[in-house]
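One structure, pasted below without further comment.
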Amino acid sequence: MTAAKPQKVYFYGTCLVDLFFPDAGMAGIQLLQRAGVEVVFPEGQTCCGQPAYNCGFFEEARAVARTQVALFPQDLPVILPSGSCAGMMKHHYPDLFHGEPDEVEVRAFSARVYELTQFLVEVLEVKLKDLGEPVKVTWHSSCHAVRDLGLKGEPQALIGQLANVELAPLARERECCGFGGTFSVRHPEISGAMACDKAADAFATGASVVLSTDGGCLLNVQGVLEAPAAPVRVQHIAEFLWERTHAR
Amino acid sequence: MSDARTAILDRLRAAASPGEALPALDSTVLERRHWPPAERVLRLRRGMEAVHTEFLEAGPEGWPAVILAFCEREGLKNLLYGPGTSAGARLAEVWPADGTRLVPYDRPVETFKEELFQAVDAGFTTTVGGVAETGGLLLEPGPLEPRLLSLVPPIHLALLFASTIQDTLWSAIRALGWGQALPPNALLISGPSKTADIEQTLAYGVHGPRRLIVILVNDLPRTPA
Amino acid sequence: MPAETEIHFREAAAKALLDPQLRANFRRAMDGLIAKRQAQFPDPKDLQDLRDLSTAIRSRSLLSLPDLLEQLETSCARNGIQVHWAETCEQGNTLILNLLKARGATKLVKGKSMVSEEMHLNAFLEEHGIEALESDLGEYIIQLDGETPSHIIMPAIHKNKGQIARQFSQKIKNAKYTEDVDELTAMARQVLRQKFFEADAGISGVNFAVAETGTLCLVENEGNGRMSTHVPPLHIAVMGLEKVVARLEEVAPLYAILTRSATGQPVSTYFNLISGPRGPEEKDGPREVHLVILDNGRSRIYGDPQLRATLRCIRCGACMNHCPVYTRVGGHAYEAVYPGPIGKILTPQLEGVGVRHDLIHGSSLCGACAEVCPVEIPIPDILVRLRREATHADAGSKVAGKGTGRTLTEDLAWRAWAAVLQRPRLYRASAWLATRFRRFIPGGLPLLRAWTMSRTKPLPAPRSLQERLRSEGLPHV
């Protein structure tokens, strides 16, 4: 799919990137700008509403979602540095607003939503030039990015453009890391066990960085990797791509 | 419990949406599983050998001799069979008086259940076809070939004519008319009885036959070389 | 109002997680099953076409369910199969007991049937002096130990051969201790052959029932299903009312996708089509065949257009094989007949969403289950719906126990959440506090305490993205 290259896009930061991974947000904006696109970052962003939606508190989720949709009135693509939040906005908003008076507007909004790497690959067709030192990384697919949103290897394709980066395959790459939003605190024992297994698989690759599209997964895996001497760290894909491809 | 029946059906009917169109069934995925006759034979064999089925090849005339040779080679005391089928009659015709005893299954099971469970070495049945896609034999047990003939004896010998092998179970159901009417029992068998219930380790011969021997009769028209 | 006698998945799961043997058994088994299924579907398009067809067949069957059930009854009657209906498990059990009693049957062999597990039929019959012996090897193994299945297809998957060897040597007469799987299997064969020989009646489940031809389809590998249904003089089959399809042709693709999804086999050893008792000329087969059709809450599930998809299930177990939660805690932690993802949506609908509130939340909504489901049941969407049902008593909802999982704490928490996130200034203020005092967030906060049980405390950035953008403006490349 190659849509006409837009001049201008909206950027939606997401709450997790806003609070925990602001560098990834910055990097995402810069990757877009470098591809020749003007980035608009509307004020008033909070959260896509997914936590309440996933717990069945639809009215609360809808009230929050409504305020967010209103921030993006122009017919421009909306880019998110998260597969999970993008999946929520793209595929679950239409369900959440089914039968509501503003369903049509919301559906039109949802149709404009993209995850960052998806947009970089499919629409902007970016070409990256690696300026970094040789490094070995591994990739964790966020469940919602691949299963809700339907990413088909776009992040890996971008990593593949980097000459000095070796992508080590992660065992059970598509298995959940155990985050699952409220699941991580409602069922911390199971969630923790899943995160530990994911960290062990990551460790076994010999990579020094685990990359992902999603702050939730990163936060979760980081939580078990953060022992003082752990040889693996986590990093958001946007931040990694930007770090390696801009001249300092 | 007719009251339970009424209550259940009433609840279902109250919830049913009669106006709703039934989704269409696109069976292309089944139709494209199609092979020439000779390849069907190979596929069936490959599928069944993968689950420990053994094959003996025979010609349209010589198959009874192949069965006889097998029984003698294995030192079988007896072979249970259905005397009413034409294949059964053929077998009886050529069977010698000494060696493996040919035992007809021509009585109600109650009259010889103990013998069936304890003393029968092998059972012989015909088949009404085969399934190329996955491997498998199609059987129609009944008055002429009782149901337990292919189940209780430790060895099951089955006669299969190559020309009766269908592409898939789906096409076999159509070809055999099973969708319209079925005998009280019809069967697909792909191999000897097996289980993987202990640590996913395959073990053969758990309840049914330990060995399945297919006497494969090549009755396909010769293709010019 | 908290639900009465709530069952806590969290506690049972936490216990299971501490058993390294159990975790290793499940991990190894599930990794193997995932690989075997994958090998059966080399072509993604072919798989999707087969799933589409299977889903359409199951959806069609459900759309005309009441008609098909009546047609099945008529066709069965024509074939000499007697049909009985049970609204509840209790009714079903009594019905079966009466059938057995009337014929003086005291020894029963059983083929594998999850519906009979749902009815707790064995325990009921034993109470009434009838021996009900499980004959599927896996079911036999767990019955020896008085356990319940930990997987719907492989009931003894939680045990390794050492455990089974010990158990056989203690519980089977004259059995020696051996870990050789062939020898263990042969021991069970010997015991069970005698039982088939002696049995007065056989009970089986039903994988598919065909309305047009009045046929009961049974899928199996061992031959115990055929033994149970053809050797004893009486055969009683039990099925959930959703198992019916219109035509035999429709069974072929369902069967094809069932065995591949379940155990990665292109075909099972036996596919047994039963359309009647012993005919007048036949030498063997049961004198009587009965079919018990069980509701037990299914017609209520049927009443909800979204939840109805639950009834499409063909019980392949692929959802549990691919579930990261099931893989780690095993089947028993669910304390339910149906474990894993399908159990997570079916059990609460049968037993009540309030008492099973904890179970409904025991999922990261990763979607691995829906991705492999051969009939495309949207399990994560249904879980979200059931989470709603548990905490809201919506008018018009027929869900059992709706609203009984509601707590004031959760209500207030989500209200506060929404209040803050609808007000960007409040959100910004909270973000400012979280980033400024990032190292001083009290670890004793309830959610944070749960998080830090196995993870370090998450550390917010020194300044949020929005704060940086506001003070520095957008970057310029």
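Letters A, B and C mark the chains in the order given here, with residues in each chain numbered from 1 onward.
Heads up, the rule we're going with is that contacts are C-beta pairs under 8 Å (C-beta built on N, C-alpha and C of every residue); 3 or more make two chains touch, one makes a residue touch a chain.
Everything quoted here is computed from the prediction, not taken from an experiment.
A.B. asks: Which word fits how the chains touch one another: line, ring, star, complete or other?
C.D. replies: line
A.B. asks: Tell me, please, which chain's centre (mean of its C-alpha atoms) is farthest from the centre of subunit A?
C.D. replies: Chain centre farthest from subunit A's centre: B.
A.B. asks: Among all chains, which one's averaged Cα position is nearest the averaged Cα position of every protein chain shown?
C.D. replies: The most central chain, going by mean C-alpha position, is C.
A.B. asks: In terms of C-beta pairs in contact, which two chains are most connected?
C.D. replies: B-C
A.B. asks: Can you compute the centre-to-centre distance for subunit A and subunit B, using the mean CA position of each chain? Integer Å is fine.
C.D. replies: Distance between chain centres: 54 Å.
A.B. asks: Averaged over CA atoms, how far is the centre of subunit B from the centre of subunit C? Could you give it in whole Å?
C.D. replies: Measuring from centre to centre gives 31 Å for this pair.
A.B. asks: Spell out, as numbers or ranges, the residues of subunit C touching 2 or more other chains.
C.D. replies: Not one residue of subunit C touches more than one other chain, so the list is empty.
A.B. asks: Flag every residue of subunit C that touches subunit A in the complex, lowest number first.
C.D. replies: Residues 9-10, 13-14, 17, 31, 324-325, 328-329, 358, 361-368, 370-371, 381, 384-392, 410, 414-415, 417-418, 420-422, 424, 427, 431, 434-435, 447, 450-456, 458-461, 463-466, 468-470, 474-477.
A.B. asks: Which positions of subunit B touch subunit C when the two form their complex?
C.D. replies: 1-2, 4-5, 7-9, 11-17, 20, 22-30, 47, 51, 105-109, 113-114, 117, 131, 133-136, 142-143, 146-148, 151-152, 168-170, 173-174, 178-201, 203, 205-209
A.B. asks: Taking the complex as given, what residues does subunit A use to touch subunit C?
C.D. replies: These residues of subunit A touch subunit C: 13, 17-23, 25-26, 29-30, 33-34, 39, 41, 43-47, 49, 51-61, 63-64, 67, 95, 143-144, 147-148, 172, 174-176, 178-197, 219-220, 222-224, 226, 246.
A.B. asks: Residues of subunit C touching subunit B in their complex?
C.D. replies: Per the stated touch rule, the residues are 29, 32-33, 46, 49-50, 52-53, 56-57, 59-60, 63-66, 69-70, 79-80, 84-87, 91, 95, 135-138, 141, 154-157, 159-161, 164, 181-182, 184-186, 188-189, 192-193, 196-197, 212-213, 215, 221-224, 226-227, 230-231, 241, 247-250, 252-253, 255-256, 263, 266-279, 281-285, 293, 295, 299-300, 302-305.
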